[in-house]
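Structures are listed in the sections that come next.
Okay, so chain A shows up in both of these, paired with chain B first and chain C after.
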Partner chain A sequence: MSGESGRVTAGPGGDLFLCGWRVRSDLVLPELAPWNGDEQEPDLTIRIGAVPARLDGALDVSPLLQVTSQRQARLSIDGVASYWLRSSHEIVVDPQMAADSPDIRTFLFGTVLGLLVHRRGLMPLHASCIRIGGKGVAISGMSGAGKSTLAAALTRRGHALVSDDICVIDTGAVGGPVVWPAFPRVKLWQDSLEAMGMGSDGLEANRFGQRKYYLRFAGAADFQTAPVPLKAVHLLRAQNVALSGQADIQKLSPMAAVAGLNDQIYRKRTAAIWGREGELFKAIGQIVSAADVYRLTRRSDFSQLDSLLRSIEDDAVS
Partner chain B sequence: MSGLHLIASYPRSGNTWVRALLTALMRGDGPLDINALEGPIASDRSFFDNALEIETSDLLPDEQRRLRPLAHRAVPPPGKSFPIKTHDAWLPAPGAAEPPFPREAVGAVVLIIRDPRDVAPSFATYYGVTLDEAIAWMARPELSIGNSTQGLRPQLPQLVSSWSAHTASWLDSGLNLTRVRYEDLLADPLPTFAAIARAFGQSAPADLLASAIDASRFDRLQAAESSEGFRESSPEAPNRFFGAGTAGGWRQRLTAAQASRILRDHGPMMRDLGYDD
Partner chain C sequence: MRSTLSLTDTVSRAQKHLATEVDGNFILMSIEGGTYCGLDEIASDIWRRLARPLTVEALCQAMAANYRGDREQITADVLELLASLRDQRLIDVG
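Entry: the complex of A and B
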């Protein structure tokens, strides 16, 4: 632990990998792969320390979130932790529970990561991403649409997880948009685990007392860290019943794709306050011109899951 | 008229029917697409995720209930928007300090009330429970829907409470409220619907109101649901959302014991509303 000096030394496992960044962390982050890249200074330091109650010149985006025009942010979850995105290289976390509790990482790898991605000029799409045939397939949609469940089901068919819930896209990469791998973990509710024939025994809960769990795949050390070209985005929605004349998978026109992707920008209100709308609009244009965008409708009860998975696979390699 | 416009009702009391009427009125002539009804749902998770800049699925139930009214303060209501559907009671839910909408943000409420003896059979079908269970649920002050326990629901938890407590909470709220009985909307649709439209600042000539009423007739809604499907129908009763839309059907559906149990549970409020025959 860093103590008062604010200096963070590499943990016993060394530095870590997240979205292409070298991460040095006071917090134990068991989801992350080890850093195997160049001997460089860390891109991101996660420090345990005091977080001011109020950031200078802060605007309250919500009762939980303050942001400043200098693109700092403070998220506070009572009883869990406060988080201070201080710069594009530094996050300060002030835990209010044991520092190794998964609850703390739930928000670190949620809103805080999303805001960091904005701060670093990339595009965070509300999506999980899978590597199929060397290409990135993003499954996007609001909470409850079934992103993580589909992603987990695809990993069970031999594909590798690239990211869960936040899909970090660099649209300016040479050769077209790429997805930066995050870590090999999805969050699944009890019913989704059961639908896949798994139980929750031994899994860490997303929040204490909540029946939503962390499901980690293989060893973090085997995680492939190279960026993946984005091939397809599926805009997913869940529906209780089948509607006549509605296809399960429907390729969208460019205009519908732009609107659909815009809806799924992660932490959009803060991004707008930070003046990113123009950049993000351009990024969406680059995604739509390089990748196929589909509307994917699933049954709420995950019936017909296998045929949906096969369609996703077929579209990924077409 | 500024502020949130709410269509408040107990579940299975005609809320979606009123949304259909208002949608038809807004769209003008022609058949109604039941899968494109206007209007947000008050407890829609995506609204709160967006307003709070957090996944509410990562919040515990008490946290979600506490933050619901606060989210409306974070995102002020748009100047003019379609009325919002809500089944919440006007009560602070467990963990919350106030009812689910900030009082100062509410512009107009239309409260739809239906004879609980007709609510019960529809409630049983929609939630996939027996009539006796439905009747027991409707008497529970702590009744809540939309709870995510084993899996994630698309709505935040809503404290609905018992039929009596729900109805009383709105009637006693002191909000700018228009009370509408489902039975009056059925029996005398034109003036009743006109009052609803007026409450939301959407006065319209009688011919437009009449064509909206015609487009939203229950036989048409039912026919559309059985031919196309209805995305708002429940997993427990797929594509059986719209019932016969009648008043007094309970006389055939309930046993004498069930009817008197409801009268015992809700008698005072039923008598106040004229449901005492």
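Entry: the complex of A and C
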């Protein structure tokens, strides 16, 4: 529903879509697709407002992050914004820079989103996800391992981006685990752009001064909001060129797959404080039962990228 | 050599552990040790029976009643599994 039709909506563009939730936001969120679903109340409201310096009974997970046993959280990024995950339906943001700065969204769609996913009882995997032949293929790994780069390279071969960096999985879905699409945007480093023969001109930079860039896909209109059955997870490991020969994809045993996925739960320390360890571990078993898990070793210079991408595609449709 | 359990010991799942099932077989993780342990079909059956405390003898009897095989061998196998689970702090022995 657009604003012109006379519906009362928060922003000029109306409500937005994120992981299946109807989002109403004071903050401008150009990454998100418009809400095209039911006439339901918003699932999530993002307000600009005051954030208390200290949450009641807060525990300091880090100097930047407070969490409470009532599953609230407060993240503070100096010079950017403070964020308060107040309930599973409300996030309050107190910007310390222009409210439309991409830096503010970097943390909103990072730690804050990850904690919201935990709060809503879903599984946030540290992974990017691509739709290949109607199935979800997650590429998981630590920051800098190259998951966004591989995801972006796969989109250039015609596959749709489902999510970047945080892959939101509902393991309780009828018919097996599904991935909820987030938004059609991927973060890329300068050297990854160069490896794909792309420049950073015209792209919006995040974290002023850092060499990291947002890439907003022109194909955003093709973004689909339906959940995607999870078919494969690739656990990404970069390897020094000097040590490695070929890039390599190996299917993991159930135990290695469980251990590997357990290392890739996003914001796991907070999840443990919130008592989610047991349910998350069970969810991992459901993922491993339904999806193939691979150890993907890539060369750190991204040579042999094409053959790697073809292998990922082949495994997705096998 | 680690010490063996006695038939009169009572065994139960440890308070602190994580468990998940992949295709019906359990994979366990000891939170303290950070180690993973994959159970086969029969060991997964034993793990299900450990949901409530029971004596080693009762466990061996139940297994002998449900699986073909020499009673002594079954007892030896159960004891070996239990010792391994105990050493990984996945069960309590009282």
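The definition used in the following text is that the second predicted complex is superposed on the first by the 299 of 318 C-alpha atoms of A that agree within 3 Å, B and C clash if a C-alpha of one lies under 4 Å from a C-alpha of the other, contacts with A are read in each partner's own complex, and residues count from 1 in each chain.
We take it that a residue touches a chain if its C-beta (ideal position, glycine included) is under 8 Å from a C-beta of that chain, and two chains touch if they have at least 3 such contacts.
Quick caveat, the model's predicted, so the values are computed rather than measured.
K.L.:
Using the overlay on chain A, decide if chain B and chain C clash or can fit next to each other.
P.N.:
fit
K.L.:
Going by the contact rule stated at the top, is it chain B or chain C that touches a larger number of residues on chain A?
P.N.:
Here the partner covering more residues of chain A is B.
K.L.:
I'd like to know which partner A:Met142 touches here: chain B for first, chain C for second, both or neither.
P.N.:
Once the two structures are laid over each other on A, A:Met142 reaches chain B alone.
K.L.:
State whether A:Val258 touches chain B only (first), chain C only (second), both chains, or neither.
P.N.:
The second partner, chain C, only.
K.L.:
Now for A:Ser289: first (chain B), second (chain C), both, or neither, which partner does it touch?
P.N.:
It touches chain C, and chain B stays clear.
K.L.:
Is A:Thr270 in contact with chain B, with chain C, with both, or with neither (first, second, both, neither)?
P.N.:
A:Thr270 sits against chain B, while chain C stays out of touch.
K.L.:
A:Gly110 in the overlay: touching chain B, chain C, both, or neither? Say first, second, both or neither.
P.N.:
After superposing on A, A:Gly110 lies in contact with chain B but is clear of chain C.
K.L.:
Using the superposition on chain A described above, determine whether A:Pro63 touches chain B (first), chain C (second), both, or neither.
P.N.:
first
K.L.:
What is the minimum C-alpha distance, in Å, between chain B and chain C after the two complexes are superposed on chain A?
P.N.:
11
K.L.:
Using the superposition described at the top, list the residues of chain A that contact chain B and also contact chain C.
P.N.:
The answer is that chain A has no such residue.
K.L.:
Could you please specify the touching residues of chain C with respect to chain A in the complex?
P.N.:
18-23, 25, 27, 29, 31, 36, 38
K.L.:
Mind pulling up the chain A residues that touch chain B in the complex?
P.N.:
Where chain A meets chain B, its residues are 60-65, 75, 77-78, 106-107, 110-111, 142-144, 165, 189-192, 206-207, 209-212, 238-245, 267-270, 300-301.
K.L.:
Can you list the residues on chain B that touch chain A in the complex?
P.N.:
35, 45-46, 49-60, 63, 67, 70-71, 73-74, 148-154, 227-235, 238-239
K.L.:
Which residues of chain A touch chain C in their complex?
P.N.:
253-255, 257-259, 262, 277-278, 281-286, 288-289
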